[in-house]
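In order of appearance the chains are A, B, C and D, and numbering begins at 1 in each one.
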Amino acid sequence: MCRWLAYSGSPIPMDALLYKPKHSLIDQSQHAEMGAETTNGDGFGIGWYPIDRVAKQTPGAFRGIGPAWSNANLRDLSEHIRSPLFFAHVRASSGTAVQESNCHPFRHGDWLWMHNGSIRDFARLKRDLLLAVDPELYPEIQGTTDSEAMFFLALTYGLRDDPVTAVERMAGFVEATAAAHGVQDPLQMTVATTEGETTWAFRYSSTGQSRTLFYSTGVDDLRQLHPEVDALRMLSDDARLVVSEPLGAMPDAFNEVPESSYSVIHRGQDQMSAFNPR
Amino acid sequence: MCRWLAYSGSPIPMDALLYKPKHSLIDQSQHAEMGAETTNGDGFGIGWYPIDRVAKQTPGAFRGIGPAWSNANLRDLSEHIRSPLFFAHVRASSGTAVQESNCHPFRHGDWLWMHNGSIRDFARLKRDLLLAVDPELYPEIQGTTDSEAMFFLALTYGLRDDPVTAVERMAGFVEATAAAHGVQDPLQMTVATTEGETTWAFRYSSTGQSRTLFYSTGVDDLRQLHPEVDALRMLSDDARLVVSEPLGAMPDAFNEVPESSYSVIHRGQDQMSAFNPR
Amino acid sequence: MCRWLAYSGSPIPMDALLYKPKHSLIDQSQHAEMGAETTNGDGFGIGWYPIDRVAKQTPGAFRGIGPAWSNANLRDLSEHIRSPLFFAHVRASSGTAVQESNCHPFRHGDWLWMHNGSIRDFARLKRDLLLAVDPELYPEIQGTTDSEAMFFLALTYGLRDDPVTAVERMAGFVEATAAAHGVQDPLQMTVATTEGETTWAFRYSSTGQSRTLFYSTGVDDLRQLHPEVDALRMLSDDARLVVSEPLGAMPDAFNEVPESSYSVIHRGQDQMSAFNPR
Amino acid sequence: MCRWLAYSGSPIPMDALLYKPKHSLIDQSQHAEMGAETTNGDGFGIGWYPIDRVAKQTPGAFRGIGPAWSNANLRDLSEHIRSPLFFAHVRASSGTAVQESNCHPFRHGDWLWMHNGSIRDFARLKRDLLLAVDPELYPEIQGTTDSEAMFFLALTYGLRDDPVTAVERMAGFVEATAAAHGVQDPLQMTVATTEGETTWAFRYSSTGQSRTLFYSTGVDDLRQLHPEVDALRMLSDDARLVVSEPLGAMPDAFNEVPESSYSVIHRGQDQMSAFNPR
């Protein structure tokens, strides 16, 4: 299990969401409340698009293998880097090695990808799943996780052209491969992906009991409800946040993403639709 | 807060106590039950005396800065090293840096030292405490923790000649120094120390509400009560274990060390006495 | 021995100087030419002032304990962070532990400090040197190096008010303390320090045979001499660089800082003066 | 490029060969003389068979991602662990990530494997090479290196039953796969492998210009030639050492393994034969 956060809106220093809120993502790395595991201490990562991004420049990334809660570099970087769109992830390994190449968000060109969940019996399915990855893309797989395999399958199925269809085909392929091996209910996922402009967030599981996922309500409403919260003041009206579990002191700030659905977030607009593996 | 374990008896592979019991020390690194903190993921260490120890040879040591629960080297080493006397420690930092030089057990010559607890307002007291360390010993301080400062104070006060008096003088000096700075109830400690033959375990706090400490009851009795526990079979009758919280499935295997007392364990004999800071 | 680099001028991505030049600082981490040691693989660090720095905001910092040449995070961060003033350092330990708290640049408030060189017999002198640190500053010492001790002595002697005098007094105190312990020729240093606007660079050793130090000649002249060098195009006319050994393909780009002298660099102006320990 | 060492003979503490000789393996990690790269600072590993090994017990292993020369744990473990048969390896990455799962020696059951060299254009060939790995073994691949792929191919071709044939088939398959992709002269290798009783050491390259490999001459002769060398006294007459480049002060202690050949070492006997990829 893992916890993650995806932000888009006015540029803010990343610590405004990673550290400052009550029950922030870094707090969740030590004391999650909604996940299968309370501790997410098996590595972490951030990926961000620079304020002054040059066209097609890759997003920045920083990953580490210790717990997020004690990492002095993570704290310092998140205080000093402002970004209009960033991902952050804290990891609880489901068995694969704790190493930077297994830390989310994964990156390919200008795309980021992060995942909470797992593929059941991944060790048994891995060879067949990786065989389906485009041979041109195959050499760029860096780590050994199910999450990265899902990313490269989605890239193979056209993530860069039609993200929703690509993720639906990936999910369908994982389920078909699992069925061929006699593995029941293989897929459990909340996934976020972006190319720097639009964020897609997916909630799905083969059993229909997916890990939690929440999206923020409008900042304008929140500011009226919580004039005492500093972090809200620096957010633009179009700021949007998607999270594994709500941050802090504002339970009314977050709505649950429904089971088997996905959300597309672009310049403060978000649209929810049903997710159907193909 | 931290969790620790001190074993002496017949040589056993360290994983017999670190990994195999239910609620083992490594389990406690992720899910402690009795401590101030449930997670002890800020580094770890083991110190052991080799089976074929040459006279005055230092004990072996292995320390790491990530969580114990995901450390492949720790698991492997503890499976492959057998020892008749070893210490193991999992750390939850009370603020000082997560680095190997701050991981317990600390070592000086043939002595080991480990600690659970803290000195309140250590940053304010540190200079005065370190000034009292013997200038000959001072250059050998490697890290920045209160725990190592306590070790070097105890060495200064004669740990190698009269361990109990040295620890009592250390505790008294810490309390006197704190009083001079207006710091109330400064000391909270369970400490274990050894030279490879005898283990001393101390439980004390300025408030009289010390962190928990337990010692194992006789192995012979246990074997009769729990014929189903494999680990017991490899233990000799003189095996003794001191722990921050009981391992696993045998609640009757452990007795609590009383408040403000210490235990001396030597070749299967243990003796309990009152602890009085001087 | 270590290698370091201090840049000020128009904001540039840090990799323009850390990675892109021939014989860049990262190359020097693996194959230095002028130092006492060819390999500087015992940790590294960068410190930078953000483009959009808020008044008195601390500089950003990132430190790591492995070699710089293989660190994926360092490469990525230096590509994605632009700064008008930054320090970078690669370390070869002279004996103290390889841990982040011993990596340069050191930081205190809005000041940065980095050092190449050593204090001879530091272990013997350390206690007396640290005793001279202002007790208010003492608790903020994080690591165990001679370099950080020099920084805190300079802070004690007024670095923030009169940097040159403070460094001269620090050097004088180190030499006097060494003399009292019978240690000959104790100090070897090139040091850079800054508060974000002005950079001071010092070259001094007790023996008068200091580690090398170079400063860049005018960017305008260089651009005419080397129209083929891309990196020069992004530099403003007031860009200044101070380095342990010249970067790459432009031997005419660097002048040696004379023995026992210091340089003050502010908005493209630099001024050289004699350095005299007090 | 990497450096490695394989020892068999009377049980000795590993530091007797890793640290104590002049130009020891750890010295070579910082200053190799014969390799393509002078610095081998991209991780390290040791694998050893315990003195009191239980039947079929796996060998112990310890791996790390920093340089060997500054690793306090490696120094301490090698002082405290005695073994009759151990492998040690220092790594210079040829491009794959610096992470523990890429550090040698690799282990499978009771077998160890380590490698110096590379497969040219491995990224392009990787998919086809891994496809040839036995699907039962495939899930146990932990890292991303060419060296580990070679190990799993050799296991697939029967390493455990007929090591020489298996390694010859592996080499032949790598060369055939490379030819199919238009990659010239793909294989460069010195390899050591063992099951704890016998050590096989291979020297081969597609070009016929393989990395250096040496084996020790008889200990008895050496003792007469070098009565001043302490380490020799603790060695039994049947001790044998295979190394990437000779240790230290005894040039007459080592003979070069000829091009395209392999050596089988068992209880002090060694036998050299020609190596022919199949």
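Everything below uses one rule, namely that a residue touches a chain if its C-beta (ideal position, glycine included) is under 8 Å from a C-beta of that chain, and two chains touch if they have at least 3 such contacts.
Bear in mind the structure is a predicted one, so any value in this text is a computation, not a measurement.
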{"item": "Homomeric contact subunit A-subunit B: same or different residue positions, threshold half", "value": "same"}
{"item": "Contact-richer chain pair [B-D vs C-D]", "value": "B-D"}
{"item": "CA centroid of subunit C to CA centroid of subunit D, Å", "value": "40"}
{"item": "Subunit D: positions in contact with at least two other chains", "value": "72, 97, 100"}
{"item": "Touch list for subunit B against partner subunit C, complex", "value": "97, 99-101, 123-124, 126-127, 131, 135, 138-139, 142-144"}
{"item": "Residues of subunit B touching subunit D in the complex", "value": "48, 50-52, 59-64, 72-73, 76-77, 79-82, 100"}
{"item": "For the subunit D and subunit C complex, residues of the former touching the latter", "value": "30-31, 38-39, 41-42, 65-67, 69-70, 72, 93, 97-98"}
